[in-house]
Amino acid sequence: MRFHEETFEVESKKRLEVVDITERVRGVVGRSGVTRGLVNLWVPHTTACLSVNEHDEELWEDLLAVMVRLVPLEGEYRHNAKYRWAPREMNAHAHILSTLIKQGVSLPIAEGRMRLGTWQSILLIELDGPRVRRVDVTVMGE
Amino acid sequence: MRFHEETFEVESKKRLEVVDITERVRGVVGRSGVTRGLVNLWVPHTTACLSVNEHDEELWEDLLAVMVRLVPLEGEYRHNAKYRWAPREMNAHAHILSTLIKQGVSLPIAEGRMRLGTWQSILLIELDGPRVRRVDVTVMGE
Amino acid sequence: MRFHEETFEVESKKRLEVVDITERVRGVVGRSGVTRGLVNLWVPHTTACLSVNEHDEELWEDLLAVMVRLVPLEGEYRHNAKYRWAPREMNAHAHILSTLIKQGVSLPIAEGRMRLGTWQSILLIELDGPRVRRVDVTVMGE
């Protein structure tokens, strides 16, 4: 049984942004030496999330547009009302979307590689940037 | 390789409610003796879910308000129409929100502790209470 | 420590469809010989997902109706505009819903069985069919 953990940082540049982290995760899985098992990804945040989807910048714009249509940035939120003195904390939309998009994902590894499909990339979704975000990668297997 | 399983119950008091279960999960992880690995949480229900988010009661009200705006309690649901004789089963909203919020989460453990971020608490989201809910905790690692 | 991997295919018949795959997953878990641990399910797609919910065809219709109300098939999507020459690629709705519904789930196994609740079935949700879909099942435990 092998365990391998690494953490890396992602610096977002915009309030809402999608960042492809597939290659960085692939690097961790490669260094782990695990040929079969699972890789768990976790962002220790409540206003950024993870998704697995196509690497297509137009699609990412569509995705963010739908997200803020469903959960508007400028809604009537009690969380925001409480923090009116701190504009940086007016981020209820990001917390709520985190509950929908989720902060973690576990992917299978076989023959030393993540079993990502042809169109699957691993995406960090920033919902309240710009910020420095952390991704914890835990590889477990043999 | 160690395995440790525990189940605990949570009693919700309202139809829609958020209950912080972080300390109870932390207790299970502590008793497991696992210093690195994963903890998997699972609620064996279809009308209650899990989320990781901030411990902020105003935010929880915002979250529940958005959820029932997106998927209203009193919608035109075929599932509810079928169960009109059983008001307790008029819960299509809760089933549908379960598919969005999800019933499980897997968190990394390092140095004997869950790698939760500063603002991350583990929340059970009741969508069709009051009921007694079960949380299955499985810790796997070394 | 045991690992067991199997892949099976699911053929969807409609554009939007829910297919119950519980029995097929149960078969894999049985063949794995794992009595306690985790089973990870993964669909290597970006327009089909997994959910755990009740086996109720009326509910499935409700679920799909809500999903396309929230993220319409015929929206103004940049992803679709780019692919106007390829009607088969007009599937932004399916990509976006994938980010909400997710392509993976990890379930606990105890006493050789998945710890599914009474009303929990494992569902593949097709969002852009008809297509042949793949489900990768990884069982890890002892």
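The first chain written gets the first letter, and so on, giving A, B and C; residue counts start at 1 in each chain.
We adopt the following convention: a residue touches a chain if its C-beta (ideal position, glycine included) is under 8 Å from a C-beta of that chain, and two chains touch if they have at least 3 such contacts.
Source: prediction; values computed, not measured.
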*asked:* Please compute the angle of the rotation superposing chain B on chain C (C-alpha atoms), rounded to a multiple of 5 degrees.
replied: 120
*How would the chain A/chain B interface be labelled, same or different, where same requires over half of its residue numbers to be shared?*
different
*Measure off the straight-line distance from the CA centroid of chain A to the CA centroid of chain B, and report it in whole Å.*
20
_Junction residues of chain A - those touching two or more other chains_ = 1, 38, 70, 100, 102, 106, 140
*What residues on chain B touch chain A, complex-wise?*
1, 36-38, 51-54, 56, 58-59, 61-63, 66, 70, 100-102, 105-108, 110, 115-120, 125, 140-142
_Considering only the defined contacts, which chain C positions touch chain A in the complex?_
1, 3, 5, 38, 40, 42-46, 70-71, 75, 77-79, 81-82, 92, 95-96, 98-100, 102-104, 106, 134, 136, 138, 140
